[in-house]
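Here come two complexes built around subunit A, the first alongside subunit B, the second alongside subunit C.
And now, the complex of A and B:
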């Protein structure tokens, strides 16, 4: 298709291509790729940022296996993921079906209402929820007292805090995921539903046998992306609970953060981070495999 | 029956979704003693809260910092990512596939995992407490490159070929012809990048210790988690001021935002 090019043209094309790529190659190298290699290098050392690094081999990785606090942060992260991911998935899908059932102008209005929390930044959403869940006079406690339930501690309670964080994340992320579901549903040819309708299928049946199977790619995409994100939850935790009360919300990234920037255990923190990287990497590979097999 | 149930349920859930945001606005207008009142319509309008919010912290300064950072990151990222995406979609050169695969592989590195080494590297480059430290590391992101590449692969070749035959260089063809016609991808990505950077909290928290360099998210988090207790009505007023730019962007650019979200999902 392209005409035969002279050598000079070819060289010119190479030079243009490399110069177009150079800024990103350098940037990704210095600010993403080298840091992960550096994380591994630091993880092989004992280092408190002040005295020189001491090479300790894989000692940091051995230490973490018997570190109860690390296991605690891992189980907290898993609890968070196990509750949050399926809930977000189901609620976003349900919302998409709901909005898909609307006709006319109301579609836009309702979609805007669902999506608006997405425009609230994580810190502001944390502030709003902290305000509504204020243990003394917050709106939630006032409403509960109206129905005769005593004051709850919410973010101050070791059993409730993590669920309050989950609720906050659901609130701001449902609309985003709903939008992805909705655009996938809209791509399903309407004939399928009409045919099913003529055959006497109920609404539930056409969802069960048409919509859901045809959303397979979107389902997988959302599940994997949400799972990976759930392993890395941090902003809301550090603003709303700082890992408390009684370490009940001390998730993996917060533990890594504290070890690095508060305890100054650079080597150990890097080992923890590298383990998290391997886990996320494994999930990303699954995602890549899935999406490269489709086209 | 569905004709009534679906709209009714939708509206109820929709109202529940925006209710907390409504409470933010209402709370920001109340006095300290009435901030927790349960009435849905405020009986007082304490606009002084906003004055207090602005004067009691470096709120405007941090909003300016956020604007500078988010705008710079977005503009530079759009240019660099478009250039790379175009090169990967249109040019033939040795190592093309290796470079593309390597760029995509950086997507698997979570930010939380590299925050410590990234801090150490940026610190060694002398970029702590500076706009450079806030802006430069945030620019590079393989996802933008990937989406631009997809866009330019589908982009009709005829105009560029004509320009090329007319004697424009390949770089010239990109800057004069392809880039100005790339609004369908630049618009949604711009909104996405701007919002993501306005939202950014961990990295600015790590890289800036000086209050004068704080971005708005760090400033706000400090109001609720700092050493002294700020009254709720002032915190809410500050949050409202901080939320205004994103809400405006949201309402005026919603179409592009939705386009961008769809692009992410389709991949």
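And now, the complex of A and C:
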């Protein structure tokens, strides 16, 4: 191949590649990067969305440092993530292993059953759970009474409400994450397991030394994506508890929403949103570094 | 090369699709102020007879069903009655109307010329210049027809910034049969209300339904208990907190006792404003407003529901909230004068038919105009309405228009006591400091 032909081919490949990337680049620019920059710009202003913006420099950032309610909401979000992410990860992986072990026609049915809650709209799933957890007439309390446990307040209790939300999200999301794990498990060559079996490895040893290490990339993906999602939890909370009772489920995004749309403190809420973005970004980077360190 | 063009074509179509997904307008997207072009499904279609040189006005609302139809018909009637102005009516989901729809509409310069506003949001919009001073638009003699307190509630810097067209007061609804069975008299005092709720509470029936979740409605139901003892959240001029008082502590403790003693549910399946809680017999008593009456007559004719004024504390005096939406004109609209004419035509003219229809047929609410109440006195004395008219109406105090931060802080105090975190006195003291701080930042 002459150098001229080679150059022409490279240009052609370059054009083809960027033509396919263009929609995503445009989408990211318009719906992600520009809004982030605009949010930062707004965060430097005192603005109630109705009157003109007044430039205040970094005043909003200074205010948020001493905003106890904000930091409480961040702590709540972190606690939520610390409980929710490992639980989701473990349960989705466990479900994938169990479903992977199934044989015959039941596999499709079981997989569909796991995935079905994911197809339910978040608002509807939240309302279904609210009915189940109703303190007076809900099914959950009726079942508990069968085993001698007294009536619980669930979403009406400052200590139980956040766990009810976690339970709902687990119900919704386990199936989806299980499907990702399952497809990754299916990618592992069967020969590895057969060889291990011949060498006398137990099922746990096969999982410990073959399955889990080979799922590293999937693990990283699921942990990062679910951690980011856990920081963004909003729809279920606004429907199920509205941040209550006694602010016990007021996570960061809900606090930002309240500041923005109930108090109309757009400048301040943009500063909060920008700080939350930095926190999530830092967490994602740490996770990426930690889980990809052996590569 | 042919293949390359094909590739580029696919990529270009994908780009367009992605952009369309992001930029596609929502079905309820609003028309611009002054040059309304409604796209929403609820929007009134422009009639073919509309002339091109007419001034176009956008009117945003949050009512639904029969209430929305009333305003749509009102707009249609106005459009037909003259050939200068064409109003386009759009209605939106109430949950997002004041939180996202109005602020983003105004922020993007696409807000309406006319809009509905609640007392809780009044100050934010009035302070931002988004309300036209309607004082000069009142026809002669009409202003005097309004209850002074109702106009005071929409006055800012000495100017009437919105037109009140309804007053929704609160009362204690109860299931007569349940009270009779339990041998309970209709409660008249706080102690009687608590004792009655205790007797009426069972595994399946709540003694008293009051709102458990924070928000403007939560406070709206609690304020009367504070007012009944002469207490208040802020001073008359709204510049100082008056929250740290024995009256506040007592009202908070009273409110909290229903939740702490298990007489009021901490979580509700239905909204606390829905009389269905009482209608479907899952509650024995409920504090709700005038709006419940039409629902009772339509859906719960067979349920023996009674109504009484809100119980008062020993030595207290009757008080109830008078809430209700108001109509406002965008002060920044270039057609504000035309918009104000419509508002006055609808509820501020000598023709009382619209106000009467709204308060007696479409829903049950009092008009802030004395002549309307007088004209509809037969209806205002029909069934349960009579209790409101004769025993409750005179004790009505307009719903306060506190800043959202103050509403939030008062809600915190109520929940601190409800969930046993603090006593009423401690909550009053803690939140008083918070309100003082909020007010200091607002100056």
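Just so it is clear, the second predicted complex is superposed on the first by the 247 of 295 C-alpha atoms of A that agree within 3 Å, B and C clash if a C-alpha of one lies under 4 Å from a C-alpha of the other, contacts with A are read in each partner's own complex, and residues count from 1 in each chain.
The rule we apply is simple: a residue touches a chain if its C-beta (ideal position, glycine included) is under 8 Å from a C-beta of that chain, and two chains touch if they have at least 3 such contacts.
On a predicted model such as this, the values are computed, not experimentally measured, just so you know.
With both structures placed on the common chain, the touch criterion links A:183 to subunit B but leaves subunit C unconnected.
When the two structures are aligned on the shared chain, A:243 is found in touch with subunit C, with no touch to subunit B.
When the two complexes are overlaid on their common chain A, residue A:38 makes contact with subunit B while staying clear of subunit C.
When both complexes are overlaid on chain A, the residue A:130 reaches subunit B and subunit C alike. Once the two complexes are laid over each other on the shared chain, residue contacts for A:221 go to subunit B alone; subunit C is not touched.
Within the superposed three-chain model, A:54 lies out of touch with both subunit B and subunit C [touch as defined at top]. Looking at the shared chain after the overlay, A:274 reaches subunit B, while subunit C stays out of its contact range. With both structures placed on the common chain, the touch criterion links A:263 to subunit C but leaves subunit B unconnected.
In the superposition on chain A, no contact is made by A:82 with either subunit B or subunit C.
Residues 12, 16, 19-20, 23-24, 27, 30-31, 130-131, 134, 137, 242, 261, 266 of subunit A lie at the contact with subunit B in one complex and at the contact with subunit C in the other.
Listed in rising order, the residues of subunit C touching subunit A in the complex are 4, 7-8, 10-12, 14-15, 17-19, 22, 99-100, 103-104, 106-107, 124-125, 127-130, 203-204, 206, 212-215, 265-267, 269, 282, 404-405, 408, 412, 415-416, 418-419, 421. Contact residues of subunit A toward subunit C in the complex are 12, 15-16, 19-20, 22-24, 26-27, 30-31, 48-51, 130-131, 133-137, 153-158, 241-247, 258, 261-264, 266. Contacts from subunit B toward subunit A in the complex involve residues 2, 6-7, 9-11, 13-15, 17-18, 20-21, 23-24, 27, 36, 38, 80-81, 83-84, 86-88, 91-94, 96, 99, 102-103, 106-118, 120-122, 136-137, 139-140, 142, 145, 169-171, 174, 195, 198-199, 201-202, 205-206, 217, 220-221, 223-225, 232, 235-236, 239, 242-243, 246-247, 249-250, 254, 257-258, 261-262, 264-267. Of all residues in subunit A, only 2, 10, 12-14, 16-21, 23-25, 27-28, 30-36, 38-39, 42, 95, 98-99, 101-102, 106, 109-117, 119-132, 134, 137-139, 142-143, 171, 174-176, 179-181, 183-184, 203, 218, 221-222, 228, 231-232, 234-235, 238-239, 242, 253, 256-257, 260-261, 266, 269-270, 273-274, 276-277, 280-281, 284-285, 291 touch subunit B in the complex they form.
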